[in-house]
Structure formats: C-alpha cells, structure tokens
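Read through the structures below before going on.
You will see chain A twice below: alongside chain B first, and alongside chain C after that.
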Partner chain A sequence: MFQHQDATVKQFLSGVYHTLNLDYMKFFKMDALSKLGFLASEVLLDVTNGNTETGLFFANSYSSLDTDAHYQQTIGENYFPSPAVFVYTLPNIVLGEICIRHRIYGENVFLVGCDCQSSHLIQYVEQAFDDSGLKNALVGWLDCYEEYCNAFVMLVSRKDKGSLELNESNVNQLIIKKE
Partner chain B sequence: MMSNDFIVKLKEQIIEVLNLEGMTPDDIAIDAPLFGDGLGLDSIDALELIVLMEKNYGIKLQDPAQGKEIFKSIQTMADYIEKNRKF
Partner chain C sequence: MNICIVGDNIISSLGMTTEENICAIRQGISGVRQYNDYLGVTEPYAASVVNDLLLASYCNTLHISSEKFTRFERMLMVSIALASEGNRSLLASKRTLFVFSTTKGNVELLDNEPLQEKFGREALFLWHSAKKMAAFYGNPNEPVVVSNACISGVAAQIVAKRFLTTDLYDTAVVVGGDVLSKFVVSGFQSFKAISTSRCKPFDAERCGLNIGEGAGTIIYKKIEAGDDKQYVKLEAGAITNDANHISGPSRTGEGLYLALNQILQNGSHKAIRFINAHGTATLYNDEMEALAISRAGCLSIPVFSLKAYIGHTLGASGVIETVVSAHALQEGFIPHSLGYEQLGVSLKVNIVTQQETIIPRGECIKTVSGFGGCNAAIRLKL
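Presenting the complex of A and B:
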C-alpha cells in the first residue's frame, strides 16, 4: 500500500502519517510498533464515538524487543532511563493506542510467537464472536525490530455475507499475496 | 536577566525530548501553559521534563509536588533552572 524507497523505518512511518494527512500529535511519541499498528488500523477503521463491538487480536514475533533495547540504551546513558520510552516496553501497548484513537472498548489480545500462526488468531476471534457481543475484529501481525517492520492487518466482520470466509487457508493466502 | 539564547535552547531541548515533531521554538510562547490547553503535555511528559532538568542541569526535583509550579510555562521552568542549576 505504501512504498518509500531508501527510507529508514522511522522515515517510512512518518511518511505514511503525512500521506494519510493525519493530525494526531501523540503519534510522534509512540514507539515504532505502536506507530505501525496505529497507521495500519487508521486505514481500516473510522474514528468512533465509543465502540464495544470491535475487538483487537494481534500477534508478533519480536514482542517489544526494539523498544526494550532502546530503553536499555537510555539507562546506559549515565543512568537516565526515559519514562516516555519505558511506557512502550510491552507489545500490547499498541492495542491501547488503537483503542484510544478509535474509542474501542471491546476485548483485545496480543500474542507473541515464532512466526505468523494465523490459526491461533482465528481461534481467538471465533471464540470471541461466539462468547461475546463482538461484531468486528481487527486482526493482524505487527512486527518491528531495528530496520525491519512488517504489518498485516485485516478487519473481520460477523455480518459480511459474501466476503472471504475467515479460515486459515484464506488468511494465509492473503498474507502470501501481501508478501 | 535571563538570556534569550537560554530560552531558545530550553525550548529546543523540550521539543527534542518530547518528540514535538514539526514544532519550532517560535511555536512555543514563553508564558503559555505547558499542560492542559497550552502544549497539551501529559504526565509522562512531566516525567521527561524532570529527567531533562537532571540530565542537562544537574537539578534533582526533591518534591514532585513542586512540578506543578515549575512546569507552568517555559518562563517558570527557565526561572527555576537558572536559580537551581548545578552546571
């Protein structure tokens, strides 16, 4: 969807933000993982007035390692750990950022695994649709580490008849197409 | 009398540590509130300002309640730094 040749991850994320004409100053305080998730969700979700019917189901392999390393670096610099970096030393913070932006109050989960195992995410989504009043789920894979970043995000709806069925084969095909 | 250079430097340091992208020192009024309606900073930003004062000026804030007065504006912050800086 977005291409930026020869850009660093930081430049790329900032470039997408400006391309989307966003006006959300808190974006610049986020770590790379949160920026990536924020931008991906921005493409798929509208800003709502309070939404209890949408849940978030995400996973990655690097957890918050990129920010953890950055935080460790701030500790090493004459021991001045940065509070603003510290608050992003968990991978699920990105979910909070998306929920704040889109006023989503539905359940959310962030899994950490070796690779993109769509089956786990699908199970969680199906369970949530069965057990709660969720009607939509933002589902995806978000990874950031140093100059590597990767995002695959999809919006799953309970109601969308005629859309692609939520199953492992379809999701994996979408991931392969994207790659 | 506080120098204008110091005020500009302090504004630049704040812009850098708080990632206020797209802002320049001229965008921050010296007497505008830093929190609330002014720059719209939050509690994490307040912690970053405390770290900024310790790292750059050797000032350790002993009583966090003081922060409310010190961080009212760039002017109050600069006044406090001028009076209490160790380097």
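Presenting the complex of A and C:
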C-alpha cells in the first residue's frame, strides 16, 4: 500500500503519514516506535467515542532502545535531560498514543521477546479474549532501532458469540518492513 | 481452581527478605535517604537504595557471579532464590513459567562501555536478560517479559494469571525489578517529579516522588478450591488506559476508575479491608487516584501508600507492594501511610494515619498507574 525506496525510517514514516492524509500534530513529537504503531492503528482502527472493548497487545525485541540511545545523548557531557524524549523511553507509550487517538480505555499490554513466537504474544491475546469481554484487539509486533524497522499488525475481532477464531476472515493485516 | 501465592520475596533498601521488609514497615522505618551527587547526578534527590554489601553476600552464598550477571540480574536472581526457598525442581519444571516485569533492565550499560564489554551488548535486551536468569534456574520455557512502565509489576501478575488458566502451566514465577541509574533519575528530574526529602503521599505538602530500586518475586500456583484456605489468592485483575495524555494522569481518573470498577464487579466493597494505592506523592498522581477511588465508591475504605518506606521501585513496585498487601492480610494489619499528615487531595480518601490491626481475613486491592496513561488494579483474597 505504500512503498518508498531508499528512504530513512524517519522519511518513510513521514511519507506514510502524508499518504494517509492525516492531520494530527502530536505525530511529530512521537518517537519512531510510537509513529510506527500509530500509523498501523490509523489504517486498521476507526476513531471511537470511548471504547472499553478494544485491547492493544504489542511486542518487540528492542523495547525502547532506539529512544533510550537518543535520551542517553542528552545526559552525556552536555547534560540537558529532556522530558519530551524521556517519556518515550518506555515501549508501552505507543499504546498510550493509540489509546488517545482512538479513545480506547481497554486493556493494553506490551511484551518483550526475541521474536513474536518467543514473546508469547499470540497465546496471551487468546487468553485475554477467553476470560474478558474484549470484542476487538489490535495485535502486533513493532520493532525498530536506528534504520531497522519491522512491523506486523493485525486487527482481531470476536466472531459472533463464543470463542475467537484467528483466521483470514476476521483478521486485517498490515505489514511494514524495512531493513 | 484458584491462583494462590505460595512463595514471595522483597529486596529493597529495607532488607533482602520479605520478613525484614514487613518488620521495618510495621515499625515505621523508612529506607529513603537524600543523595547528593550520586550516580553522576549533581542535583540532590531522595532515593531508596539496596545495600550492595548485603546483595554481594547473598550472591556469594547462592553462587551468582558478578562476572556473569549484572547488578540488575543479580538482584532479581537472589529474589527468585529466596522466594522459592531452595525448591529448584519447581523453578526448573516445564510446567513453571517465568514472568518478568521491568521498565529499564540493564539500561545503566548504555553509557558504560566497560560493562558492555564485560556482559555483551545483548545485555541491553530485556528478553536476553530474562532468558539468562530463567536458564540459571534450569527453566526450559521462554520467559514472558512485561514492560508497561510503572504498572508492569501488577500487569505481570495479570499476565501470569491468564497463562495459569491454560493447560500448559501450574506455576508462575512473577519477578519484578529495576535498579537506580543516572538514566532514570535524570529523566524523572527533568519532569521535576523527584522530591529532595522523604515523600508525602496524599499530603497537602507533597512535592514529588522518591526514586527507588529493588526486586520482588511472587510464586503463583494453581490449587484446588478447598485446599487453598491458608493462601492469599489473586481473584481479579484489570488493565486500562486513560486515553488522555502520555505523561500526565487523567483529570477524571478515567482509567483507574474503570480498572477498580472491573475488579469490584463480582465482589462487594464491604469485603475490601484496604487499598494499597500507587501514591507516588506527585501533585497529579495522588489527586487522580483520590478521584478514581471516589468514583468507584471506595472513599470509606482505608488507603495507604508504601512509597515513603521504599520509594517508587518502578518495575519492582507492583510486585513488592502486592507482597506487602498479602502479608498484611495474613498477619492482620494495615500499614500506616508513612509521610501523610494532612489531606492534600480534593476528595476525602480514608488515609491510614496509624497502623491498624484487623482480623486476618478478607480482601484487598492494589492499584498502579504509569506513563502512557496505563492503569491496573488487582484484588487479593484470604
């Protein structure tokens, strides 16, 4: 849906933002991880009026290391710690950004693992649907560090009543990969 | 089937065992001190720091080498060992899942080339650290790592509970931890969120948090209803979001109110003996919590914060403070909310002004809130 050869991660993310015709100034304050997750959610979710039945479940391998490295530079020899950068030195902030945009009050969890399988993300989402009133969930892998970014996000919905079936008909997918 | 606490440990400035910590709390002893020019931060701040000599001594006894494991890892590993009371086969079982909670792991390695050389750059990955720690205890499963800002410790327990409802596991070892670093102290200072003296949760004169470090472990086991009378059980949990701001708490306490509402659904307010609040002593957090507690109809329930005893231990706090709650239920007391003198929030929350004795029975609630607008609450029952 969007391709940009030879772009840096920053350029790529801005490119997607403009392609989607978004008007959300907060985007430009976000770190790369939050921009990545935010854009994925823009494609897959609608803005709601206060939603407690949608959950957000993400995982990655780098945690917030990309932003951690940026923040570290502000407390070196030139000591000027920035709260605007520090707040993004936590991987779950991307969940907060998505919740704010889409007015989601529901469960939000960030796991860290070597890869998606090792993070136990999918198994956790299945259990979360099983024992709660969750109707939808944005689920995915959001990893980025310097010029590497790898995102795979899906919107999962409960089909009718009863248990959830993770299959093609109720999964919308977004894949972003850049190496 | 109930999810029961069968083992626990707290490591903090108050001591290396749960007993030492509970004993100190019951005596109103605080481990918070003022630090000047500590960890490369020149601006003074109040913090709660683990005693390195004690930590080294335990590591020695447990053969946890400082050549192989970072300070962060050693703290968590000692906590796991003490919580399990030497039950190595339980830790090594295929049916035991490790669930870690941390906000920054080995972040102190970021500006320390010698340490990165020693432990490898891979030590910066939270999952790598977790794997190393679980492997030391012989556990064959990939550990789960929850990194959800300051709600991580409670979120990890909710995650553990969900995994225990599957057929794969009977036991979950929930371990939370974070160590003090220039990274974290400077960050909170940039928000002007740290006090230079012992913090005063919910108090009119409160002026910020005390930064802390520590580790906490809870071993949860699935036990048949009927055989579980003496154990504290994890009855319910909820994680929510304010959907308002990434660093400031909601002005309506939305997320925390929803979380409280959710866990009180199946129970009665009357059964709740106390609420162990997040109570970081920042202007906004405590006000938000008071509002959420009021909206959830819990104004008459005794409330306390532990932050003046052991500081805000970040990834460890949700676990450590749940251990204190469980022991408070079992020993029949409600801790004094240290640091509190005069109500400084706009709702009349029932802050515990001196230690109370209660019948060791009933339920309690632990709440947490964190950056990213996240909130969580759990309900325990004895």
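Observations on the structure shown:
Basically, the second predicted complex is superposed on the first by the 157 of 179 C-alpha atoms of A that agree within 3 Å, B and C clash if a C-alpha of one lies under 4 Å from a C-alpha of the other, contacts with A are read in each partner's own complex, and residues count from 1 in each chain.
FYI, a contact is a pair of C-beta atoms (placed from the backbone, for glycine too) under 8 Å apart; a residue touches a chain by one contact, two chains touch by 3 or more.
Please read all numbers here as calculations on a predicted model, not as lab measurements.
Three-chain overlay on chain A, with chain B and chain C fitting side by side and no clash.
After overlaying the two complexes on the shared chain, residue contacts for A:Phe28 are found with chain B alone; chain C is out of touch. Annotation for chain A, partner touching more residues between chain B and chain C: C.
Judged by the touch definition given at the top, the superposed model places A:Pro83 against both chain B and chain C.
For the combined arrangement built by superposing the two complexes, chain A sits at the apex of an angle of 80 degrees to chain B and chain C, based on C-alpha centres and given in steps of 10. Touch criterion met: A:Ser61 reaches chain C, while chain B stays clear of it.
In the superposition on chain A, contact of A:Ser157 is made with neither chain B nor chain C. Of the two partner chains placed by superposition, only chain B is touched by A:Ser14; chain C is not.
Once you line the two complexes up on chain A, you'll see the smallest CA to CA distance from chain B to chain C is 7 Å.
Shared contact residues on chain A (touching chain B in one structure, chain C in the other): 81-83, 87. Of all residues in chain A, those touching chain C in their complex are 50, 52, 56, 61-63, 65, 68-69, 71-72, 75-76, 79, 81-83, 86-87, 89-93, 95-97, 99-100, 102-114, 118-120, 123-124, 127-128, 130-131.
Taken in their complex, chain C has these residues touching chain A: 103-105, 107, 110-111, 124-128, 130-131, 142, 144-149, 155, 159, 162-163, 165-166, 182-183, 186-191, 238-247, 254-255, 258, 370-374. The touching residues of chain B, when paired with chain A in their complex, are 17-21, 40, 44-45, 47-48, 51, 54-55.
Against chain B, in their complex, chain A makes its touches with residues 14, 25, 28-29, 78, 80-84, 87.
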